[in-house]
Structure formats: structure tokens, C-alpha cells
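Next up is a structure, given as C-alpha cells.
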Amino acid sequence: MLESLREQVLEANLEIVRRGLVLYTFGNASGIDREQGLVAIKPSGVPYESMKPSDMVLTDLDGKIVEGSLRPSSDLATHLFLYREFPTIGGVVHTHSEFATAWAQAGRSIPSFGTTHADYFYGPVPVTDELNAEEIGGDYVLNTGVAIARRFREQNLDPDAVPAVLVAGHAPFAWGKTPAAAAYHAVVLEAVARMAFYTVTLNAEGAGISQALQDRHYFRKHGAKATYGQ
Amino acid sequence: MLESLREQVLEANLEIVRRGLVLYTFGNASGIDREQGLVAIKPSGVPYESMKPSDMVLTDLDGKIVEGSLRPSSDLATHLFLYREFPTIGGVVHTHSEFATAWAQAGRSIPSFGTTHADYFYGPVPVTDELNAEEIGGDYVLNTGVAIARRFREQNLDPDAVPAVLVAGHAPFAWGKTPAAAAYHAVVLEAVARMAFYTVTLNAEGAGISQALQDRHYFRKHGAKATYGQ
Amino acid sequence: MLESLREQVLEANLEIVRRGLVLYTFGNASGIDREQGLVAIKPSGVPYESMKPSDMVLTDLDGKIVEGSLRPSSDLATHLFLYREFPTIGGVVHTHSEFATAWAQAGRSIPSFGTTHADYFYGPVPVTDELNAEEIGGDYVLNTGVAIARRFREQNLDPDAVPAVLVAGHAPFAWGKTPAAAAYHAVVLEAVARMAFYTVTLNAEGAGISQALQDRHYFRKHGAKATYGQ
Amino acid sequence: MLESLREQVLEANLEIVRRGLVLYTFGNASGIDREQGLVAIKPSGVPYESMKPSDMVLTDLDGKIVEGSLRPSSDLATHLFLYREFPTIGGVVHTHSEFATAWAQAGRSIPSFGTTHADYFYGPVPVTDELNAEEIGGDYVLNTGVAIARRFREQNLDPDAVPAVLVAGHAPFAWGKTPAAAAYHAVVLEAVARMAFYTVTLNAEGAGISQALQDRHYFRKHGAKATYGQ
């Protein structure tokens, strides 16, 4: 079971590389076994080409290393916080993919400009507040997760319906039921961010879809009445 | 004959993948056998890598499945409407290709800015009105086709001369005499949309070609006096 | 000798494909044997993948086909006019490469914004006037060449020092001492056009290099005092 | 030892090609053996595909060729000046990578817009002043280095903490402890420049990170308290 988790996490890490979301060793994916309360995550600063399932580091939800000889990703504390805060998710992916990162650097949430967005994200992909000096000087990586959770609580967002966020001045996090779903959402987010960039350049004011179209597309792919796929 | 149709439809689906118009399972292509009144279309949500001709779903023009064990593309009703409305077309392609989708999301038609455009599209590539809540809440996929047809009727456009459209807040549809021609138009549309994006950034007001140049280029490649090719 | 010319012309056609300047059958390259007064040019609308040296069409400077069973590129008359007008050039390349075409569609010449430009183009890459209805309705392809030559004469430009032009509302032409040099200039032009696009977005007014820097870089690579290369 | 230096320098030259920073023969990398006072640098205008370690040209810090039958890169004098001025660096890379070059052409330094930047560059990547006619007319390549050093001295910048610069109207230089580190910084600089371009388009005024976040990220990867990697 943990062997399968390690393989899924490795595969999610490789998928974001294959899709062009990763430069060098940037980015990391993790997955959780909820029953055992164990998280598998990419090791820090190891090249993707040579990574094996056994390189994935196993920790508990407090970050104690349970298995693995390598140091875990330096973003571990954010991943763990998200698993504790969002009990329904099974995988987390962090990248510095270029267009999503640009929106994060600009401090702007990504509006729902069309059905590609609406198919996967129910409403805008939010951006956190900037972390203040205290949060940065303190437990910074943990506080990144805190800022994400705060944004979701403030806007009453459902992490299953909005499976991604932009951390202001930093980059996106995405998640999903599984590590594969988290990677998939990270890839779609980058495409949506790219098209949204072009869209605001073409129409700075007027773009955006109706609530009716948002609903129609989102619920075509999600929930009890979904009709997409086999 | 239907075997050949299935192969042509599969090939059109693969062409839009090869040309970079498709992310994951987004996008779909279909073709029609006008004599038999049968349409072959990509199945819904199936990975392109493993698709076979026999996976293409055969339906009649009312959407009744005639052959095939998979569920057809969720956009089937739009394809069928276009075949009923535009009697000269033999293939339809729908993608979320990034620049064409950005123009659709911005709610802007793509002006004829140069001869690349004029070679394939006689005048602007139009954008539909946004669908209203009633149209979205009703037979949404069908109504997408209705909105396309309405735009063409209102502007008195010839679908053979303007073989593509942008659905507002959604993405493009393209068509042609065959599935291959529909895919070709979808690919050219994306290139034209990309260059038009750069053009309006460089010259927000003044760009656009004369009617004389539009005519010269379009009729160099189309109609009785065409001189292009072998 | 003509065999070698055909091979050089084929190779120039393939080079612009390899470098991403060509979609489908767009674009064409030619070369001239000045002694014999014969031009070899790509056939019209033939896929690049299967092209052989023997497919290149041989014509004299008036466009009379001397050898070859295929129809020559529909832009032949522009190529021939350039060979007649610019006696020092040995190859011509026409593409619809995306950024150079965007500048052409915007009706803007490409300013010399940096040393990459200055290394290959001595001053701005000019844009022609739009052709008027008479020129378009008459011998259009020839008149495209006429418009190019007019711009060079009006601005007293040396085609050896500025080996490319933008045809307004259309796309670029590039040339050089050989077909390979023409292709090289077409490729560099696209890179220069792309960087110039980003540059004007970052600095709409203030960009541009001094005459001293233009001179320094251009003459580092060209003329009697060139020091670049082996 | 010199054999290893030549191999490292070749590898750095190939890395910038693999990462898409180089068109044709543009760009060059060098490395220094501080003990022997010898620099290995790419030869001028030689295609990358066929380059061998033995093609790297060895010179002393005054540019006297010590070994090698080819002419060294035409930018040699800038490299040598940087080695003399910045005693801690071991490799220098020069490219015309597209986004970094666009910032250089626009005459703008690249602000620290996010943690990707902050991880590698402590503060903005500066842009030099334009060289004046005298500097260009004189020992131009050397004076490019002089302009870089002047900017670093004026702004009291540490070349180890800001391992890159934009030369106004020209393109970037990057450096590092080794030729590999210099190439790595050139690649990251291009990614940072690209994302910064998108960021200013999305938010012309308000983007930029706090000093606290800059510090946190930079010192996570550099200095005595670094925690990133194995």
C-alpha cells in the first residue's frame, strides 16, 4: 500500500515534468495514506531523471520522517498543513509553472473566463494575501499553508470545488483526491492561467462568464449528475 | 465506407493533438456520411494515445447511437446541429486551442489582419453572443449550435467561406468538406488567432487589410479561379 | 551546377521548416544561378516531408518554366522581381513566421532595439506601404515585389545590409548571397521580431540603440573589418 | 586539470543550447582555472553540434592564446574583465536568450517579483547604462565589462548574490562558481525574465515582494543557514 503510494507520488512528480511545468528541480508532489496517516513526498533538490519510488520520503502528519534516507522537499510543512486542513484531499502538487506563477506574482486571482476554467474550478482561483514579515520570519513554510487556509475560510471556498490556489509573490499549489488528480489540476491550472493572460490582454474589462455557464460546465464534470467521460 | 469514415475521424482527432491544439482529452472531431445520414465522432473522455477507429461512435443525425460501445463526445449535439444547419460540410472539429479560446473568452471576433487569415477565412472569424441562462439551463449543447447558426444567419455568412466560429466564453469550432479539412481549419485558426493577438498588441487601432486584398487572397485558394497548389 | 542549386533550394526550404517558421505548406525558398539566369523554386502546395531536389521548379527570370513538372510557388513573380531588382542576392525566402508577420500585419517596421538586430540588419527592417486596389487587382504577386523595391529606393536602403522586409498586411521576405543565407536571415528575423515585440511591451517609447552601437555590431560581422567567426 | 576545465566549459555551452537559450552560434560560455590563471572559452562562430573539448580556446587573463587553433569567442574581453573584477567567480555565460534580452533592450532591470527570483538573485537583476559613443568606438568588448562592473560598484552589489546582469541594448551575462553554475543561472534568469514579463503585463504598478520574503528565500538556498537540497 505504501509502495503504491510512493509510486503514485513519483508518477505525479514525473507528470508535471513531462507537461513542462518544471525547470530543473523546482516543484514537488506528495500523496497521503489517510488510514495510516502517512505522507509520501519528493526529496529536496534531487534531479527528476534518476528518481525512484524508494526515494520518496515518508513522514507522519507532523513531519516526522518515518522512512527514507533523503531530506524531504523544503515545502513539506505546507503540504502537511493542507492535508490537515482539507481532510478530503489525497494529493498535493506545488510548481512554479510560468503563467500561474505570473498571476501569483501580480497578486491577482484568476477569474473564470471560460468553460475550460469552469470545467475544473468552480469560480476564480484565489490568491492569498502576502505573508507579513512576522509570518515570513516565523514558521514560514507552515504559514504559507495557513495563508491558503485563511483565504479558503474567508471566501467560504470548498477545496474539492476549487482545487488550486495562488500564493501571492510565490507560485501555485494544486490538489485532488489522488496525487494524479493533483498533478492534473496543476497542469490544467497552467493552461487556464495562460489563456486568462491572453484574455485580459484582449479585453481588460469585459471578460468573464455567467454563473449559469459556470454551473453548467462544472456540474457536467462533477457531482451526481456528471455526464462527461465513460 | 463507414470504416473509412471512422478512420478519417480518428485521423482528424489525432491531427489536432499532433499540432498542439489539445490538452489531455479536450477537443473532439467528427465526420458525416451524407448518403447514409450517419455521423462518426470521438468517444467522451478517452485518451488519444490508445484510440482505435472502432472506438469512434456512430450516430444518426438525431443523436441515436447506431454502433459503438462507448459514450459519444459530450459535444455531440453541437456537431449534429451544425451538420443539419450547414448541409455542405463533412467534418467538424472542436478544440480549446489557446489563442482561439482567448479571443472567444474575450468575446471578440478575429479581424482579418493579413493574408494568412484571408487565405482561409473570408472576413472576420465571428464570435457568438453569450448564451443566456435559459439557453444554458435548457438543451445547452444543442443551443451552442443554435447560437452559432444564429450568428451566421444574422451576418449572412457562408459557412464554406468562413469555416470556423468562436463560441463566446467557450472556445472555437471549425469545419470543412471532410474531417481532415475541419482539422486543417482548426489548426490554421489557432495560428491566425495567435498572430492576431500579437498584431493588436502592436497596433490596437490601425491594423486590418483592404477588401481588395481579402478578395485577392481568398479567391487565389478557393473557387473556380483558384491558382494555388498543383 | 543546376543540380547543386536545386539541392541548396530544397535545403533552404527544409531549414525554415526545422526552425519552426512554417505551418503546413506555407512559405517558400528559391535560389538563382546568375550565370545561366535560372531560378530554382519550391513547387506550390507540396508537403515538405516528401520533397526532393528534382521537385524544385526551374524558370528563367521572366518566369518561363525551363524544367520541372510541378507548378512553381504562387509567389514566384515576387521572387523573380527581387532577383532582377537586387542584382547581388542569390537566394530569397518567404515565410509567414508568426512574429515577423504580426509586425507586417500591424504595419510597423521593426526598430533596431539591440545588438542581435544590429548584427544582421543595418537599421530598421522596413515595412512596405499597403498595396492599393489597383496593384492588388493587377499583377498582384509582381506588385508585391514592386512595393518592396519602392520602399528600398525611397529610403535608400542597401539590400545587402538590410536583407529582409515586411510586406504590409502580409508577411516577411528575406534574402541573402545564397539560399542558405536567405533562410538564415529569415530565422534571425523571426527571433529579432519576437524580442522586439517583448521590448515594445516593456518600453513603448524609450527603447532603441545608438548609431554607434548599430555600426559597431554590424561591421563586426560584415565588411572588410569583420572579426567574427573563424 | 585543464582537460577537465575544457570539458566543463563545453558542457556549459551545450547546456544553454539544450535549454533553448541559443539560436545558431549565438552565446558563449567560459571557465577559469584560478591557480594557473587560465581561461577556457568557446571558439567564435563554430556550430555547437560538432564542438569538442579540444576546440575550447585557452587564454591567459590578458587574452593571450595559450592553446587552441581556433579564434576565441568575440566576447572574450568581457569574460576576462569579469574574471579580473569578480575574483570569486569560476564561470561566465553570455546568451541572447529572448526574454532577458528583451528586458536589456528595454533598458529595464528585472525586479524581484517572486520567490523564483528571490531563490537565486538577491534583489533586482540590474541593467547597465548604455555605452556611449566613445566606449563603443574604443575597446568595445572590454568596455562592456567595464559598464557591468561600474553598475555593481555603484549599487554596491555582490556578484555572488546577484550572479547576472543585463547589458543595455544588448543581452544578459551570467556567472557562478563554476561554468555549470553560470549556465544554471543563465537558464534561471531566462525563466525569471519571462515570468516577470507576464507579471508586469498583469500588474504594471503593484507587483514586487517584501524584503522579508526576499531574505527568507535567498538564505534558504544560500549561505551558512541554507536548508534546501540534500
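List of remarks:
Order as written gives the chain letters A, B, C and D; numbering starts at 1 within each chain.
Simple rule for what comes next: a contact is a pair of C-beta atoms (placed from the backbone, for glycine too) under 8 Å apart; a residue touches a chain by one contact, two chains touch by 3 or more.
Per UniProt, the chains are A, B, C, D = L-ribulose-5-phosphate 4-epimerase.
All values derive from a computational prediction rather than experimental measurement.
Annotation: the chain B:chain C pair of sequence copies touches via predominantly different residues, less than half of the used numbers being shared. Centre-to-centre, using mean CA coordinates, chain C is 33 Å away from chain D. Per-chain CA centroids place chain A at a distance of 46 Å from chain C. Within chain C, residues 201 each touch two or more of the remaining chains. A ring topology is adopted by the chain contact network, closed into one cycle in which each chain touches exactly two others.
By the touch criterion stated above, chain C contacts chain D in their complex at residues 113-116, 184, 187-188, 191, 194-196, 198-199, 201-203, 206-210, 212-213, 215-216, 220, 227-230. Chain B contributes residues 23-24, 26, 43-46, 70-71, 74, 96, 98-99, 101-108, 130-133, 136-137, 140, 169-171, 197, 200-201 to its touches with chain A in the complex.
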